[in-house]
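Next come two complexes built around subunit A: one with subunit B, the other with subunit C.
Presenting the complex of A and B:
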């Protein structure tokens, strides 16, 4: 109980104080220079928009969040599998890695229309966009983790005539888990971005829509306060996803690995 | 049975715990102290300066205006899209020197998707803007201090573009389609009007892609368009189209209206009057002789071919001067049109009721020439 209080004071109080400060300066600036809501709405208007559209925002957060989570898991599995392949053959690694790098550098606005063209419009294309955007950290961290094994342990396995599969499953994978966990934290934010931006191109059903739709709608209607509210909701979604992934990785690492500090940097 | 040593031990444990807590609290406070000092200091400073808005008799943003007539004032004209035929008259005024003749140095700034014209004009008094009447009303609901003073395109060219051989002749036909995609930006006032008026739930709505490439490839595809633009671009690519005019359903906002900041209109009415006069001459010239202007527009926007621009002008004529209105009335506005538009937007949910006083959204005073063509005080 006391530990949670400490966590609260250390981690939550300072950002809250900063938030209140920023909001106060923002409100003062808007009043002092008579800034119109169409240019920059004050914090009061943003809060009012958050309250008024709370239902729609919550629904859209769930829509985008589900797509992002699914994309994240798909890229976790796919990225780890690709990392397995890369770790087994040097030739495969050197020939395939630049194409994996392409996934990191390609702008989403270029790739999303292609995905829509090939896979059609619908929720599955949003999941695909989220998956593609969040794939690279898993490939990079996974490969580094699978290859960065203690050479003495490798020798030990060789002495005992372990097969390639046994080395992979019993040695490489367990030592790669911290690196993959670290990659997961980077990927979850990218998955949210992918699911929101994917919606710009993929479209939406008339009944269900995500944060991308909320953002586009607010801009078309010139309702800047609602735009801010949608952006805040997107931030909240990213923070929640990051928190969930962090908790999961900490749980995995503290249970099965030596120290809580075994977060693993590639 | 508890022994004294136990109790003493426990007491010292408890007091040890207490002093540890005090230490922790003290260290937390000392960590937070700089932040708290900053917070208190900021709040004090804000409190001391007061929270009244600047209430000077004259807008200080206009303070750096050149007041001598030797130096022509530099104004900007922000467009709501890439340079196209819908901006033709303004470009004509630039190309044929009408702005210069009035003593104005005008710089036309091209826009694009989601160009924030109303916000720009609201934030910068020396900026004029070109945007549609419905956008202006949305902006005024957000307290934008912007007015419309000139409306060259009387009838809205907004349409839904369908393939000619899709068998869709009316909006009701469109609403009845199955397995059909409609590319339309959902927050646009005309889109909200359409969804209110028709039941479009059977259609797959996707965002407007900004070009006709998807439309050309798919037969079961319709998209928002301007009647003097996309049909001709599609024709060039071998696709015959049909335009379903939104104005046929009654939604007819003024298009490509000239927008001006309220402060500029109040303090420099001469500048606004000159701008309107030059714009009117520019539009009259563009409808009569668009060649040089279209050449210039094509230079500014190479993706818009010259022949499409030429078709565009021909299609624009009946929209600018419907029912053969005389050229001298080009740009006129009526309060009835504005009130109808506001009522439609309230009904379709684009505007909250009573959020906009529509009479204050436009001004007719700059459309009227003073007797003798001289500009003088009213």
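Presenting the complex of A and C:
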């Protein structure tokens, strides 16, 4: 327990001290040069907006977070399946990889309207945008993990006359788990970005809305303190997503390599 | 154990190996290994010993020449009659599997997970000196020597009649290497499989084998076929004898010739 406290202090205290320092300098600068809140609200105003809109912000975080999580899981399944296909044939890989790369290089703001056009103005379009933006790390890491198997292990399977399916199921897939976990850490942040950007293009007619809508609304109404509050909430959501995915991947990898009591080898 | 010691007879006749657009690795290698024999391939690093072992395992095909195991091309022999097992230089264990999970892998790949097979897994654990507590551990939780024992157990679990060993103890310290050499000799005597052991360690080759094939630098070829006259069982005392020292000195001299 004491060790955990020590680790927590080491990890949390320094950035917290920096945050307080930056906020202090920010507040001082706003007062010193009499900056108008419409240009840059002070940290006090931002805190006040955070408190005032706490309910809406929490609902938005849940809305955007759920869309991001769903998009993340869709990309996990789709990306791993595509990586499977790529790992099976060099021809398939060289044919398909440029198009997978396209998903990574094309700006999401360019394809989000297309997704909304095809899928309609609804929550599923937001999920789809989050899914597409977070897909590539799973494809890239999954393919690298499935192909980057120790050649001696491949020889071992050949010596025992293993089938292609056995090599895939008992060797390539388990070998790729660390790489897929690493891809998950990159993808979760992208999924949050995708869900917020998706909202920009979906628009709203219902009571449900997320962080993207809150940001757009705050900009339109020139409510800068609320904009900052929404941006802080978006950052918090990304940190939470990353934290959850990191904990999950650490738990998976620890169980994968260390746990002596673990049973049921694949 | 119920091996068939006379089955795999290895015959290499002017075997040459050259990888595409690469230098020649082996040049006209000829030798034979009788069933039940323990033969070491001794040569400097990079002389093609491991490539030769992979040719015998049927993992590679020779560029020219003829290589057979039990009168068949190695890849055919592996699929049909012969039970070939390979021990790599690294333990090559699946890190996500327990020791037991690693050892039973060959049975899983063959689709044999009978009670007999599982009993055999436990028996072979005992054979290589691992206990029940070790059986539940993952490779990362084992020492280098224990990992190599697991690797050896996995090779022995299917009761092979041809065991190919590619410098399996090269990364271990001297004391552990000698200890595992003694255990390997004991296991070979009990079971009677044919063994081809690749090494660049003269003392190891002499201690283990009935014959030592000395190979030249790349492109590798067999420079000398030296019989080792010591009776089995061989114990650590053998290393202290004058005959052992004489033979290792002679082989070291041949090895120097091979490298020049």
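We adopt the following convention: the second predicted complex is superposed on the first by the 256 of 266 C-alpha atoms of A that agree within 3 Å, B and C clash if a C-alpha of one lies under 4 Å from a C-alpha of the other, contacts with A are read in each partner's own complex, and residues count from 1 in each chain.
Assume a contact is a pair of C-beta atoms (placed from the backbone, for glycine too) under 8 Å apart; a residue touches a chain by one contact, two chains touch by 3 or more.
This is a predicted model, so every value here is computed, not measured.
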If touched residues of subunit A are counted for subunit B and for subunit C, the larger one: B
First, second, both or neither for A:158, with subunit B first and subunit C second: second
Which superposed partner A:17 touches (first subunit B, second subunit C, both, neither): first
First, second, both or neither for A:37, with subunit B first and subunit C second: first
First, second, both or neither for A:201, with subunit B first and subunit C second: first
Contacts of A:170 with subunit B and subunit C, given as first, second, both or neither: second
Subunit B versus subunit C as contact partner of A:257, first or second or both or neither: second
Subunit C contact footprint on subunit A (complex, rising order): 150, 152-153, 155-162, 166, 170-171, 174, 177, 256-262, 265-266
Subunit B - residues contacting subunit A, complex: 24, 28, 32, 35-36, 38-39, 42-43, 46, 49, 51-54, 114, 118-119, 122-123, 135, 138-139, 141-145, 181, 185-188, 191, 200-201, 204-207, 209, 350
Complex interface listing, subunit C residues touching subunit A: 54, 57-59, 78-79, 84-86, 88-90, 92, 94-98, 101, 105-106, 108-110, 136-138, 140-141
Subunit B partner contacts - residues on subunit A that touch it in the complex: 6, 9-10, 13-14, 17-18, 20-21, 24-25, 28, 31-34, 36-39, 41, 113, 121, 200-206, 213, 216-224
